[in-house]
């Protein structure tokens, strides 16, 4: 199994009065990383998917552990793997790390949806193969 | 002349590592106050305007003075007046105050736009009268 | 058992190109409702807690079901109950509804933390009684 | 005169129901570009400046023209020049472009502030030279 890896930056505006990342921001990071997965791993830009193909992946369920705070200036790495690839359901695991420290572990389950009708549809075959490449062995 | 008045809250997530409101947030406040002006003064909900009538007021020009910082827990008052009401152009002045202290003064010029074609259109007559009520005397 | 109830508004800037609330925004709503719980139910403003008493409740774990989308202009109700009240751990359940439709159900587990040292501390006794009032019977 | 140049991405969550960037987001972009100026041009990370040296540059005045909308997936370029370098005052001009189209032109005036006392101080000499390099000729 391989994982998709990328990196992001904790910006000035992401940090709260307690000096750590305001947690709703972490979900912004996860969405941006999801967009990176599409462009960097699947090979389709998410904006193209949404606006040309009218497919989207709204979130259905999320389960997140916040283990270690992130601070202004941190540049964490994220590793993304696939925990479940159903007919129209896609679950990804995100592990956000600073050096060896695991800061956040998130399991995000999305559904493949035709956006004009907001109706679940099958994940197109040409995308499945790419998610299988980062699928965790069961 | 009268003004439209409302109030907002500085939330935990709005404040930056320097302990004051992260300034892009102030533009969020201004947009929310703009939505309040529609519902509370003009008598039309902005969501109705955008989604049913397909009219919107994108920002064309802004000029803002940041005079005094706002902090977590502050509940500033805002006074809104109209500085210019053109054919399709609407300029509003927002004064954000804590007690007597002027924190922010913003002049925001918007254009009335038909959203499907993104084309400037005349501000409908039934709205003009309401903005005239809060228009500054020249 | 009683619950704490409040309401919020889906603003223009909260909605994504698919026409529904961008999910990281939902976590903003949850934090704002958490701030309301403190002021409206516990009787202490969260800003006072953070800035004067230097106590905070960073998120440790979240588990959220997104069942029904929310759109610009929606004004959902939220009911908050307590699912677990440990020594320094506080878990709240948030149910966001539009009319009878359950849109989001979130279980958010926080830890009571002394902010200067970022160290878990006991939830002060005067707050415990208030959370017991909205505690779900086991 | 030279300018500092960088680039950013319009993400899914930045776009409003009218299909264009929600304008408060543009001020987020401007702050992130400001952080890039520090790291990429001045040679000091802004997080280091804020957290180690306790210096910050809060916004005092902004004047922005919004000429052309940006959409999900756009990757605009930004050119930054210095319009005024006073004793403690720093004014930067940001020009955001898509191909040859000028989308946004912003003049942002900041003050160099010692953050613990929130008091204006002189811009340190080692930074002045770097801003002079991108200063517009008068």
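Note that the chains are named A, B, C and D in the order they appear, and that numbering of residues resets to 1 at the start of each chain.
Please note the rule applied: a residue touches a chain if its C-beta (ideal position, glycine included) is under 8 Å from a C-beta of that chain, and two chains touch if they have at least 3 such contacts.
Note that this is a predicted model, so its numbers are computed, not measured.
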Out of curiosity, which chains are bumping into both chain A and chain B?
C, D
Could you quickly compare B-D and B-C and let me know which has more C-beta contacts?
B-D
Farthest chain from chain A, comparing Cα centres?
B
Whole-Å gap separating chain C and chain D, where each centre is the average of the chain's CA atoms:
35
So, what's the distance in Å between the C-alpha centres of chain D and chain B?
23
So, what's the distance in Å between the C-alpha centres of chain C and chain B?
29
Using the touch rule from the top of the page, what residues of chain D touch 2 or more other chains?
12-13, 17, 22, 24-25, 28, 31, 50-51, 72
Looking only at which chains touch which, which shape fits best: line, ring, star, complete or other?
complete
Chain A residues touching chain C - in the complex, by the definition given at the top:
17-18, 20, 22-25, 27-28, 30-31, 50-51, 56, 58-66, 69, 115, 118
Sites on chain C touched by chain B in the complex:
10-13, 28, 31-32, 35, 45-48, 50-51, 72-73
What part of chain D is in contact with chain C in the complex they form?
12-13, 15-17, 19, 22, 24-25, 72
